Each structure stands twice: as structure tokens, then as C-alpha cells.
Amino acid sequence: MERRTDLALEAKELFGEEIKGVSLEEENKEDIKITRLKIKNKQASHKLNKEMGTYITMEFPPLTDYFREADDKLKAVAEEIKRLLPVNGLVMVAGLGNPEITPDALGPKCADKILATRHIKGDVAKATGLGHLRPVAVVSTGVTGKTGIETGEYLLSIIKKIKPNAIIAVDALASRRLSRLGCTLQISNTGISPGAGVGNNRTKLTADTLGVPVIGIGVPTVVEASTMALDLFDTDDEEFSHQLRERVNPKGRQMVVTPKEVDLLINRAAELIALSVNCALHPDLSVGDLLSLIY
Amino acid sequence: MERRTDLALEAKELFGEEIKGVSLEEENKEDIKITRLKIKNKQASHKLNKEMGTYITMEFPPLTDYFREADDKLKAVAEEIKRLLPVNGLVMVAGLGNPEITPDALGPKCADKILATRHIKGDVAKATGLGHLRPVAVVSTGVTGKTGIETGEYLLSIIKKIKPNAIIAVDALASRRLSRLGCTLQISNTGISPGAGVGNNRTKLTADTLGVPVIGIGVPTVVEASTMALDLFDTDDEEFSHQLRERVNPKGRQMVVTPKEVDLLINRAAELIALSVNCALHPDLSVGDLLSLIY
Amino acid sequence: MERRTDLALEAKELFGEEIKGVSLEEENKEDIKITRLKIKNKQASHKLNKEMGTYITMEFPPLTDYFREADDKLKAVAEEIKRLLPVNGLVMVAGLGNPEITPDALGPKCADKILATRHIKGDVAKATGLGHLRPVAVVSTGVTGKTGIETGEYLLSIIKKIKPNAIIAVDALASRRLSRLGCTLQISNTGISPGAGVGNNRTKLTADTLGVPVIGIGVPTVVEASTMALDLFDTDDEEFSHQLRERVNPKGRQMVVTPKEVDLLINRAAELIALSVNCALHPDLSVGDLLSLIY
Amino acid sequence: MERRTDLALEAKELFGEEIKGVSLEEENKEDIKITRLKIKNKQASHKLNKEMGTYITMEFPPLTDYFREADDKLKAVAEEIKRLLPVNGLVMVAGLGNPEITPDALGPKCADKILATRHIKGDVAKATGLGHLRPVAVVSTGVTGKTGIETGEYLLSIIKKIKPNAIIAVDALASRRLSRLGCTLQISNTGISPGAGVGNNRTKLTADTLGVPVIGIGVPTVVEASTMALDLFDTDDEEFSHQLRERVNPKGRQMVVTPKEVDLLINRAAELIALSVNCALHPDLSVGDLLSLIY
């Protein structure tokens, strides 16, 4: 029985043994643990069931901490995002997921707080003094069940029109551990994979399918019930683990859960990502300036 | 001094005298007053500052009435919409406006309750039994200030991809009379005009610019302050009217107001339009079926 | 290791053996399974850790079903509530829980849709024609962390002032089974017990502490992580069960989870309870009348 | 014809001539204009139709400004509030108004962001380190139409139980000028008067009726339509003014309007008041500390 996770770091952890073609670097910045994992070849990609590329995992202290004031954290995240971004040109930020399903609302909540600047030209530029900012467009794609349009189709049609240099796609993820929800951030240059996320988009959103680099940013907000149950009994006792896998109620596979505090978790994660992305896109603006432009 | 209105009926009313090339038909259905106004030539279009085409105005009793139960009303509205729709093929419903500004949220609130069916194929069609329904796609365009993308550009890019036979664009409108807000519905085959609506889109959304027929549906939710003030002192005394126009504080032109009860007004109008559009698109489904599919 | 549940039916189930002083009656009404459990003496109350009294459990088909149209279900629930209510006099409906925490928002969301009538006197009674309705007051107590006031203190102070004949307290509950969330309803004449509910009020809300009969109505919306894990491996193998209890990660006790679809679940349960309570309090009004009075 | 206003400053302005028993002091602090108006005797109170007492009006630059960052503004407001508060003892903050009607939601939105501390004792005090803070309780009374309980009754019953030293009542107000909405703050030691506010409470909330000092804090969010119309044509020409009053459509008296941007206006005003009240109650905490405790 497989344990579902959208975090490359957890996929490696679950695989257990060393894998050729996977490199791992760890760093601690204040109270954030940063892991840079690279999947370098097809075999490794196949073993971990993750696209080839770079996955940066940032583990924060749990929810209790307040993000808004933590300029250092924003800057640490912004720095990682900036490294994956092209130096200039239009960036399109896409919030994926269903705004009406709280654990899936990370993308749209985040998109609501991204500063759009692509339209600031001519008179608007003069009036606002924002004419010099990097051009940014923002879309919330909604979900196929509500729009009748696949997320990939949706993005592709806007991309053809506005021709961004890169896309930042923000989505809620699934983790194998309850304790990671809301306080782990994954940033990757591999886009978003099918089956990933809370809403289970069926289309791959990658440079291959969309024609431009896609930076995927996500925070796990859900766990599959059976994955969580196995995690709670975590053990080195091979035989017991085997017994567990045998006995788990198969219905647990389809049930997906989120912590009771999901509203808080989503609000904070959306704000952390939105502010970090804004900082990465407009390094000249202070956090204070950004806050007053967004709210 | 001009009085701003997005209702063709009010534009005619304000013009006063007869206009060649404008026809008007009135009908009463239960407690709804229906007016069908046609602007037939360019001169008339220029005089009224409205596109050539058909404008159906439905005047309902004020807010006090409860829409949901009123199946007759839904059906009366659905019938008018159906007459303007192509007989078959994909229809795209577009909710225009800013969901965070209550009086401008009519479009997105309405879009949230439109049944999307374009994606219901294969397994989904079998599982849901909805495979036979007319294909419908739904988008909420947001506003340029939040997306960096003009509404026209946004719609055009999706249209190129999914190729609908017609578009239904839902938007909040401005009226000249406070008493009309929330209880007058305008349906037209002329799309949405620049400067119309609460958010003042700059692009024309018509068959000309979008390449497909555009049915515009709107409910007035705001009045310009000075327009409202002149309306409150309405008089046949030419001299007094002239005095009023002279003395009005020019700042009033830029101030736009909405009734205190705007939340109620928007919720009810969005539900009336959404249910009517759903009925017009899927005439085989009962209101009860539609409600259980949407909620 | 104990498994936490607020449902008396589950407490009995978990206890296993027969208990003297507990009676159980089952009935099927259409697709609802109704169980009437009575705890008749102190020993039984102690064994099950539930107050003496009557607990009616109504098990509905899962979420997929749409409540609003289901007048039969509303009436079945209303009938159970009516049996526990005094025949006449003021009833106070109290929504418990935190409106900002989705899985805890059942009480306040429900209270928002209860028809308040206590103030309808004199002119208002004439104008609305509602003067003949049973007097009802509605409060949302909020949570101690946000008000600084214990729920018991809060209710007691209002009770002293308005002197209701009975209280209906609505709260979100914890279950031992994920599959019960959102589709099981418990109605009891024993009020709300300390430690029950999602927010874990510390005060007992019973006839003893509040001085008036308290009808508790709840729907489970959360499961403790470890309780859920044990449930997923459910087994008759005593030894394996024992092993499980030994090995469970103690942190799982403090983690509480809710299904990904919690928003949908809460909205539907709140509407079902609100409409049922309204029906029980005003048996002369039809569901259609109630809907038009509430929205 | 009377023009309705809840601002004492505007009442005086409208009265025109000097009134014995009314004193007025003006001060400018940065870009805030502060006016301290005292109504000292019954005759003056009767003429202005306002309770005897002190009314502090703070006029801010319009909406365009961002409140959160403006620590100076918060402190200026906090200082005025602090002067009217008793030096120590429990303070109860009451948010008045209907959270579902945006222009009336100032009170409840503000209450949501007040730090409640009354319950922080024993273990909680140790765990949070907040045991030394001034005790504060927070209630949102809702509106009579939704609760069946008059606001005065509601407050009185809680007051009897928790015995505060003072009450701070926050409510949305009506102004005579559209330009004042959202950017004028009135703080008074006279409580809230009948007929004031957006929701038109019928009970007086004053030291007389509640038995404790009541500090009223409000921001105008609505204007009566006819009052606004007269304001737009404002003139010294006595005859024209008289004509206007004669001709105004009497229906305008019952219609109450709010600016299109009401959501923004309410959010910002609620945050300004909440942060200022928190600062006034806990002068030892920094704005940063307060933000991290509230969110």
C-alpha cells in the first residue's frame, strides 16, 4: 500500500534507501530548515514518482508562530523563489484550487494578495508612481467542476494571449504527516504534477505542457486518512508495519482529512506565500509598501 | 449635466422626446413589467448612447419579495434569455466584476451558481447521469486592477480556446433611480458597453470585439450621487431643474452610492439570474433539480 | 487508551458488553436510521461517561444527498425535537462554537438561520402578520478565547433576563468514525457536557447548571487523529488491538481532524438543523414560508 | 425638513448659530483634525438633539490612506479613548450592528479583533504570559431582528453578570455628508442614542440605562438619501434652500445609501478602531505584539 505525498522530500524519505541521481543539501536559517533536493535523472524520477528538477523544502516552526511580522522569513522564502525566476519579463501568478473548499483555497487566497502590475501604464503609471515595477498578471483558475474547463486549458489560453516569461503556480498539497500541514513549504522548478494537490487536477502543469517555465509553490494542507494512520503507528518493526498495511480499511484510501484549525492554517500560509512572491517580484519595495498596496 | 445610466429604458426616458428608430413594447406578466426596447439605427444609437440591438427590461416588485420560491419569475426570465440564445452548442457564462466590492460582485456571485457541464464526458457523464446536458463553461474574469488583464483580453483568450457559440456576460449596472436598484433586470443582445457597470470596464464586450454573440444580463446596484440627487427633486419646472443642474456640487459626479441593504440585494439578484440562466440552458431540468446540482 | 466520542451511541458501541440501565430502540424512516438510547441510572451514566437521559441518533445517507429539498427529512428531525420541547413558552436557541473555525461553526451558522420572534409585538406583529408565532430568541455565544466569557456564564446571564422555558443548544461534536461526520445527528434532553464539542467548553450546559431544560443538538464534524487511526484498523483480534493501542504516537491524541469537504458538510448540517428547529417551533408554517422568512 | 446625523459636530454645524452651553476646541495632529465639542447643559442638548457630554471628532484624510502602518494615527486615537476610560478594572467592548449588512458591520467586525483577556487566569495566564493584562470582555450583540432581544436588554444581562467598570460600544453611524463616510471617527462619553446608527436601535445605551460609563465609538458609513441630496446642492441662498426642502421626494427620507466602496471602508475603519481600543486598553503592548495576538 502506497502512502500519498506531494512533497519530494517525503517521497525520498518513504523510499528509504539511497537513490542514484538524487542529491540533497540541508541548511538552517534561523528557525527554518531548508532542504534542497535535486532529482537528476529519469530513473530517480521514476522511483520517487516526481518530475526531474529542484525541490526546495522549507520547514517552519508550527502554526503558533505569527508570519506577518516575520520579515526574515518572508525574505528567506522570497530569496528561494527569486533564484528560480527569470531575471525580467512578465510573470503570471496562478492560484489553483477551489475557493469554496477551505483546505483547497490556498491558491485563490494567495492570488487575491498578489500585486498585479501588468496594466499599469500611461496615466495609471503616472498617477500611482508604480510604472517602474516588473509586469505581473494574476489569475485564479477555479476548478474544472465549477468552470467546465481543465486547469491546463485555462492557463494555456491566457498564456497564449499575454505571453509571460514564467508562471508561478500556487496550490494546496497532500503530505504524509499531519505534523507538516501548514508549516512546510515546497518550491520547485518542475511545476505541478497530475494527481497532486487537494483537488487532484488531471493535467500536468509544466514547462512541457505550458511552454514556459513553471515554478510550483505549495503547502500541504491535507493527509489521506490511511496514510495518516500508518504515520501515527510509525515503527521500525517490519512485521508490524506489514500487518498494519494488510489490515487497513480500504475506504481510508479515499478519505482525506485536514486539521480542525484549517482556516487559520490556510490564511497564514496564503499570506506568507503572497508576501514572499511579491517580495521576489519587486525586490525594491519594502514589506510595508507591499502591505499598503495589497490591502 | 448628464445623468449616468446603463439601462437603455432610462436613457430613452431621460431623452424625453420620441426617437425615430426606437421601438418599445410593454407587457405585464403577473407582477413583472416587461419592456422590450429596440434600437434600430445608428442615429438612435447615438442619441441614446447605447448599442443597436434589443434591450429587455424586467421590473420586479421591490426587494421584500423572496425570489427563490418564485418559480414563475425564474421561468419568465429564463424565457427571455432563451429567445436570445442560439439553439444549441457551447455557451460560456462570464461573471464580470470584483467579488470583494459588494455592489460589484453580482457577476462573480452569479457565476458561482451556474452549472458547468462542458467537462462532463465519459466516466463523469456515466457516474452523474448528466452527459446529455448542453455544454456550459463558466468563468469569473476578476477586474483589471487585481489581475493585470483587461476583461476583454481575458475573455478573448478563453474564447479562442474553447470556442463557445455564445457568451452570457453578467455584470452589475448603474441606474439613475435609487428605487430601481436590485429589482430591475436588463437583458440585451448587445453585450456590455465600455463605461457601463460598477467597475467601469474600458473594453467593449460585444459580438464585434469577441467574435461571438454576447448576451448581457445586468441588475443596477449603484447610482451616481449627483444623478440620484437630481432624481430626488424630479420636477417638470424647467427653470428649477436648470437651477439644480447649475448648483450641484461637481464632486457628486465621482461619488457612486448603493443602498444600505446592498448585501441582500446582490445575493437575491445573483440567485435570480443564476437560476434563470440555468433554466434557460437546461430547460429539461426542474428548479429543484438545478438547486440540488448547484448547492 | 480511550477513544473520544460525543455520541452516546458510539460510547455504548465502544463499551461493548450489555449495560444495565441502558435501553435501545431502533427505527427506520425512509433512508434514516433512528436510534433512541436511554441512560436510566447513575452506574450506566458513569460507565458510558454520558449524562442520564435520552439520546436520539439519526443516521442519514452520506453527504452526497441534498438536504434542502428533502422535506421528509426535515419533518422527521423536527418531530424528534418537538417531542423534547415544552408545549409552549419562550424557547432560546443558542449557537455554540467559533464562527471563524469552520469545523466549529455549526452552532453559529445554524443560529443565523433561526427565525427570531420574541420581539414581534405591537406594530411589528401587525405589519408582518407574525404576531401569533411562538416566541423564540437566538444567541451565538462565541468562544471564551474571543469573548473572555465562559459559555455557561454567557447563557446564564441572558436566561436570567429573558426567562426561556427551554434552551436548544447547537454544537459541533466529535465522533470516533470518519464515516459519521456530517451525516449523523444527535438530539438529547441532557444538554451539552464538558469536554464535548469541537471547542471543548469547560462548563456543563444542563438543566442543573442553567435552570431550564436544555435540548442538545449536534452533528459530529471532527475525529481525534488517534481515534480515527484505531478505527481504520478495526479488528476483533484482541492482541492486535492491544498492540495498536501500545504503539500509537501519543501526539495523535491532541491532533483533531476533519474531512477535506468540511465547508460543504457544515453548511448542509447547519441548514438541516436550522430548518428542523424552525419547523419544530412553528409547526403551522410550511418549509417554503420558513425559507422566505429566513433568507 | 430635518437632516439626519449622528455626529454632534454636524448637528452643531447644521444648527448654524452660536449655542450657549456648547464649547468647541480644535487641534491638528499631523494630518488628523481633532475637534472636542462639549454639550454642557440641557438646553444645548435639546437644541442639538444630542446627549450632554463630550464628543471628540477625528477627521482623517480619505480612504486612500492605509491605516495599518500608521502607528501614529492609532496612538492618536488610543490617547483620546484612554482619557475617557477608568484607570483600571474590567472593560467590556460591545460590537453593535448586523454582521450580514456590510454598512452595519462595523461593530461586529471590530469586536472580532479586540483582544479578550478576562478569562486569562491560572494555567492560561502562565502558558500565555498574558496574566498581567487588563481584563477585557468582548460581545457582539447582533440585532433585534435576528436575536429577538433588544440591544439594551442584551448588554444589561451580561453587565449584571460580569460587572464591568466601563463599556466601549462600537457602532456604524449616519452622517449628513457623503465625504465624511469612512474617514471621520466620533468618540464620546455619552454612549449610543436611540435612533442613532445604521440599524436604528431603539434603546438608549448610556450610563443611565446600563449603570456603567459608556464610551461610544463610531464611524459614519451611511447617509440618508434626501440629506445627501440637500448636501450636494449646499448653498447660502436661503430661498433656494427652502425650495429644495419643499420639493424633495419624501421617499428619499427612508432610503439610506452607502458608498460603492463600503467593504473597504468598513474593513479599514474596523481595524483602526480595534487596534486603537486594544492600544488604549493595553498601553504596554506594541502594535506588533497586538497584531500577533489578534490574528
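Assorted remarks:
The letters A, B, C and D name the chains in turn, as written, and every chain counts its residues from 1.
Assume a residue touches a chain if its C-beta (ideal position, glycine included) is under 8 Å from a C-beta of that chain, and two chains touch if they have at least 3 such contacts.
Note that the coordinates shown come from a computational prediction; the quantities given were computed from them, not determined experimentally.
The chain with its Cα centroid farthest from the Cα centroid of subunit A is D. Shared numbers divided by all numbers used gives the overlap of an interface; between subunit C and subunit D this overlap exceeds half, so the copies present the same residues.
Taking each chain's centre as the average of its CA atoms, subunit B and subunit C sit 42 Å apart.
Measuring from the averaged C-alpha position of subunit B to that of subunit D gives a distance of 37 Å.
Shared interface positions of subunit D, defined as residues touching 2 or more other chains, are 100.
Residues 100-104, 178-179, 198, 222-223, 225-226, 228-229, 231-235, 240, 243-244, 247-249, 251-252, 255-264 of subunit D are the ones that touch subunit B when the two sit in their complex.
On the side of subunit A, the complex with subunit B involves touching residues 100, 112, 116-120, 135-140, 142, 144-150, 153-154, 156-158, 160-162.
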